[in-house]
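Some structures to go through are shown next.
You will see two complexes here that share subunit A, one where it goes with subunit B and one where it goes with subunit C.
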Partner chain A sequence: MQLKNKEALLLLAPSILILLVTTIFPFLYCIWVSLNNIIIFYPVPNTFKGLQNYIDSLTNPIYGFWKSAYTTLIFTGSSILLEFILGLAIALLLNKEFKGVGFLRSIIVIPLLVSPVSIGLIFRLMFQSGSWSLVNYILKSIGMSPFNWLAERSLAMLVLIITDTWQWTPLMVLIFLAGLRMLPQEPFDAASVDGASSWQIFRYLTVPMLKEMMAIAFLLRLMDSLKTFDIIYVVTLGGPGEATQNLNYNAFLQSFVFGNLSIAAAQILMLTVVVIIISSIILRMVRR
Partner chain B sequence: MKKFNNLLIYISAFLLILWILTPIAWMLLISLENQSQIFLEPSMEKFFPITFENYIYLFVGGTDFVRTMINSSIIATITSILATIIGTMAAYAIQRLPLSPRIKNNVFFWIVSQRITPFLAVIIPFYILYSQTGLYDTYYGMVLAYLLFTIPFTVFSMVGYLNEIPKEIDEAALIDGCSRIGILYRVILPVCRAGIVTVTLLNFALCWNELLMALILTGEHARTVAVAAALFLPSAGRGAMWGPAAAIGIFFMLPVLLLSVFIRKNLIRGLTMGIVKG
Partner chain C sequence: MGEEKKINRRDYLKYTGAAIGGLVVGGALGYLAKPAEVVEKTATVTAPGVEKTVTTTVTAPAKPAESISVYMVAEPAPEATKKILDLFKKKTGIDVTLEVYPYPTLQTKQATVLSAGSATPDVVMVDDVWLGQYYESGWVEPIDDLVERDKTEINFDDFIPGIVEGNMKYKGKIIGLAHLSAIYIFYYREDILEQFGYSAKDLDTYDGVYEVAKAMKPDLEKKNMYPIGLMGARGVQATCCYYHFLGTFGGRVYDPETFKPEINSPEAVEALEFEAKLAKEVGIPSIPSDDYGELQANFLNGRIAMMPAWHNMAPVLLLPESPVKGKWRGIPVPKKVRRAPTLGGWCLSINKFSKKKDAAWEFIKWATSADVSVYCAKYQDMSRYSAFADPSKACYASGSTTDLELAWPRPNIPPWPAMSDLIGIAVNRVLAGETTAKAACDDLQAKFVEILKSAGYYKG
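Right, the complex of A and B next:
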């Protein structure tokens, strides 16, 4: 027994060592930074500020906390909702057997493999203001007037939501599709023999049986969506104004653009705590 | 009714293909146009004749594209190999060794919960430490930072793969006098080869695509291609560099798309962190 534990230690040690260096230690250090006044780019004597950075973040609008929290809510809420609905619809489609479904199932993963930076470039390109951009050209040819997409607050947000939806809907599809395939066939046969409509079958059989997969998909997307940075940086740079800065992007601005590491550390720690709380609530609901 | 349903299916399938392929095709077309073609409305003159000048510009136009490609390849290769070795060892220990379940679960959840933490919570301390220790803007620094998310990914995926290998194989080898580490290398590794290759390549993709850490923790020397791609438009200014920007976008996504062809069978499972057994 002793020997076996020694072997376990030997096998686990490198991971644990590296994760100590890359997680626990930086996390503690981050807490320390958030309690001090560490500013880069120009020299300021460091002073211990205690919880002042947290209080400032929550009360002083100059640090953009609540505004970016609102932006996060809009961005994450609508993109996940959209991905969820589209993902379910596409999964139901791909679960049918028809000619060419194999091709569809194999190209559906492409958006997940394209780098977010490339995706950002693609959508920034498609939503340019001139009539040479694809989206405005389509709008023009169906008789609508073109938009200056990235210069208007709500439109820029819409572009980001579309970008995120394009990239991440396939993840929902893959998870739902796997869920659909694991469902037993008998209840469905029984239901159609009894004359249930396809909406009734969907509402009273498919949805309840997929509940666990839905929670997993939702949780995975939520954790990643709250951390979104790449597409915002490439498509809108947080603009126009501060219209598309989510909490993560705002913390990036506060720290590595404005130089106030301590404020950013306080904000990002608050975000982390919120994510952990939400995740554990969802996990508890799933297990029940 | 049946006919109508079939029509509906094919229309939605067609829309889906358009939705997935149009954005990429559009950027590919733009990348093959010259400066004046780009600002034309779609027409024959816009798309023909095609030109490769944007791609040529990337390689000989004085951009740091080639250098950052090399940097990214080095960093992503070293990280993915290291993470796969270290992570597989940990996954084996968690999955197979007779530790108490409480320890196992705690270690497992600790390792996997790294996925939740926003990177900035790690980058801020790393930035301060790296500036003081000289790790800033080096390959070592980037590899260390990237191990943060590749190791948890490896552990999570490999625990799933090991779960499917019958424990009797281990026990047979144990009776023959093989040590646990010997089993891992002589028995598990060959059986799990497909899984290990998939995880390694996906680790490579994760590193190749990562932007935020590289943006902050590298400068001129170790800059990765993700950073170069993201900074290209802002630093070129004037918004007039769309051709080369589109070429970067295409070139940058190519390696990962090509790699994914090799692991087609295990791809879906890897992308969903083992939730979906493809």
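Right, the complex of A and C next:
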């Protein structure tokens, strides 16, 4: 028996090595960086700071932690909620059989195939205030006044939410659709025979049976959305002011503009802990 | 059924070792199999009464061509340099892999590889505001000795002095040789101003600019036009635009002797208030979200009549298909206390960790030479007087060397990029109407005191 375990370990060794190199070691190094004082743009000697970087991030407004945490909450919460609702609605629609549903199922994934940078550029142009702004053109043609989309805090955030929702709703659709296709048909037939309404079927059958898929979809998007950087960088650069500067973008600035790798590492690790806690809570709720 | 075949540790190690050994042998064979260079040698053989020339063939080991890697910013002049790299190879035999990146990506990329001590790229392109960062981080070294050694070849006096000080030197040391430069000028629609009875002389001061803009505004708005455009989107361009006003109104970021921040001085506040006044009263409404591309497009598409902006916007405005071709002019920036055109520009430096510093230096000398500068001047401002000697060969010449000599360089100390980002945020917030100029400047002052103290510059 011991020999078999050793064989298994030997065969798994390459995968473990890759995991160590690409995931475990960088994570441990990130923790080490967050406990020290590493600044890349001027010759400050490295000293061990312990948890001071974490305390500084939480207490010193110059590091922008709480502002960007609030922005992250607004952006992530709104995007995921919209994507969840739209994704489920579209998946329910695509789960039915009607003419053209196959074509719709195939084109729904197109946004997922386009790079976030390209999408960001397109939406930036669409919502720009200039004469090439598609959205303002449409608004003007229906008699409404144009908006300064990227120059006002709430509107800039709305543009980002729309951009993110446009790109990632199809992922939710795919996950929910896969879940719906796997559901047994008998309970639904029985419910129909018993006279249950569509809403009752959805509320008491579809949702409970899709619970685990919903949790997976939510967690996947949560982890991704918290890391959003590309569309913020391309569409708003974190502006106007700091209105759309989320934690990830803030960490990028701390690293590559302020040169303070330790503060950036501390902030990212705090975000990681939050994600782990939320994921654990959701998985426990689902298992119950 | 036969016994299940198990792989034991010895076999596993045997097969793995065989695979690795095979790779090593194969690689060695591949290297040795490279065709050797065949050289013809001619020798004269003499014997009594006989003189005979004999040609023999000698096989010499193949000598790999030297190659270097260069990073440059994605702007017209580097793109133009990329097109003539074969000339450098013909001259020196050195192969160059030239990669161009947009501004923020270049900084991220270079900072990442240089902080890791990578030998690639051999040549880096350093923005004037990064000189302190790169030098203090130990990524580049001074090249004063190389410049002195090759001074005849370089013709150092041909570099415009303002650019030497602003784009090439840090703490008195030469960090690199300047490639492209950029300066603020004032663009205006000559045809539109003429309609209202104005000319360039009315734009000599910013008070004059404001009065002209106010007078034109009602009629321009009927045509969906606005008097003025500015770069107000959060980012380095918002900082550059405000920095121009800061210098124009006699302000400065900090005292160069003591490094005491002065960003909330009356002059600094007045500069920001004036910029906000221009934006709010006579500016195109999109100013808070307009970056470089948007401002250029606004002028190109006839949406604005005037703008202070980088000289390197001119090539696009001069294209045959430009809707404003022949209708605009560029003049030195208006003054208030003084003229203060923001200076920008890039120098080429040797990566301290490069293993091919000689080849890197050869490339830098070539890329910043008078010949290449004259060639690139068709596309963008360069850094030598000779690039401006023939106006017909320059992309746009309207006293450009004068503007460059007036250059108002930005700080290049290591904390500057962080301070610049904070200025960009503050300016954007003021232009968006979220806060007042005084409050924004006071906030900046507090932050700059903290930054400069922790960086060891300000002792107060």
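Please note the rule applied: the second predicted complex is superposed on the first by the 278 of 288 C-alpha atoms of A that agree within 3 Å, B and C clash if a C-alpha of one lies under 4 Å from a C-alpha of the other, contacts with A are read in each partner's own complex, and residues count from 1 in each chain.
The criterion applied here is as follows: a contact is a pair of C-beta atoms (placed from the backbone, for glycine too) under 8 Å apart; a residue touches a chain by one contact, two chains touch by 3 or more.
As the structure is a prediction and not an experimental result, all values here were calculated from the model.
*Asks:* Given the alignment on subunit A, is it a clash or a fit between subunit B and subunit C?
*Replies:* clash
*Asks:* Does subunit B (first) or subunit C (second) touch A:Gly143, or do both, or does neither?
*Replies:* After superposing on A, A:Gly143 lies clear of both subunit B and subunit C.
*Asks:* What is the contact status of A:Pro45 with respect to subunit B (first) and subunit C (second): first, second, both, or neither?
*Replies:* neither
*Asks:* First (subunit B), second (subunit C), both or neither: which does A:Cys30 touch?
*Replies:* Once the two structures are laid over each other on A, A:Cys30 reaches subunit B alone.
*Asks:* Between subunit B (first) and subunit C (second), which does A:Leu271 come into contact with in this model arrangement: first, second, both, or neither?
*Replies:* The answer is first: A:Leu271 touches subunit B but not subunit C.
*Asks:* In the overlay, answer first, second, both or neither for which of subunit B and subunit C A:Pro184 touches.
*Replies:* Once the two structures are laid over each other on A, A:Pro184 reaches no partner at all.
*Asks:* Counting only touches as set out at the top, which of subunit B and subunit C does A:Gly195 meet: first, second, both, neither?
*Replies:* It touches nothing on subunit B or subunit C.
*Asks:* Is it subunit B or subunit C that touches the larger share of residues in subunit A?
*Replies:* More residues of subunit A are touched by B.
*Asks:* First (subunit B), second (subunit C), both or neither: which does A:Phe256 touch?
*Replies:* both
*Asks:* Once the structures are superposed on A, label A:Pro208 by its partner contacts, choosing first (subunit B), second (subunit C), both or neither.
*Replies:* neither
*Asks:* Kindly point out the stretch of subunit C, out of 109-117, 181-189 or 343-351, that overlaps with subunit B after superposition on chain A.
*Replies:* The overlap with subunit B comes from subunit C residues 109-117.
*Asks:* For subunit A, what residues appear in both contact lists, the one with subunit B and the one with subunit C?
*Replies:* Shared contact residues on subunit A: 7, 10-11, 40, 130-132, 237, 256.
*Asks:* Which bits of subunit C are touching subunit A when the two form their complex?
*Replies:* 6-9, 12, 107-108, 111, 115, 133, 136-138, 224, 233-235, 284-291, 294, 297-298, 301, 303, 414-415, 417-418, 421, 425, 428-429, 432, 434, 447, 450-451, 455-456
*Asks:* Would you mind writing out the residues of subunit A in touch with subunit B in their complex?
*Replies:* It comes out as residues 1, 4-5, 7-8, 10-12, 14-16, 18-19, 21-23, 25-27, 29-30, 33, 38, 40, 90, 93, 96, 98, 100-101, 104, 106-126, 130-132, 134, 137, 166, 171, 174-175, 177-178, 216, 220, 223, 226-227, 229-230, 233-234, 237, 248, 251-252, 255-256, 261, 264-265, 268-269, 271-272, 275-276, 279.
*Asks:* Inside the complex, what are the residues of subunit B that reach subunit A?
*Replies:* 6, 9-10, 12-13, 16-17, 19-24, 26-27, 30, 38-42, 86-87, 89-90, 92-94, 97-99, 107, 110-111, 113-122, 124-129, 144-145, 147-148, 151-152, 155, 179-181, 184, 205, 208-209, 211-212, 215-216, 226, 229-230, 233-234, 242, 245-246, 248-250, 252-253, 256-257, 260, 264, 267-268, 271-273, 275-278
*Asks:* Of all residues in subunit A, which touch subunit C in the complex?
*Replies:* 3, 6-7, 10-11, 40-44, 62, 128-132, 148-153, 156, 236-242, 253, 256-259
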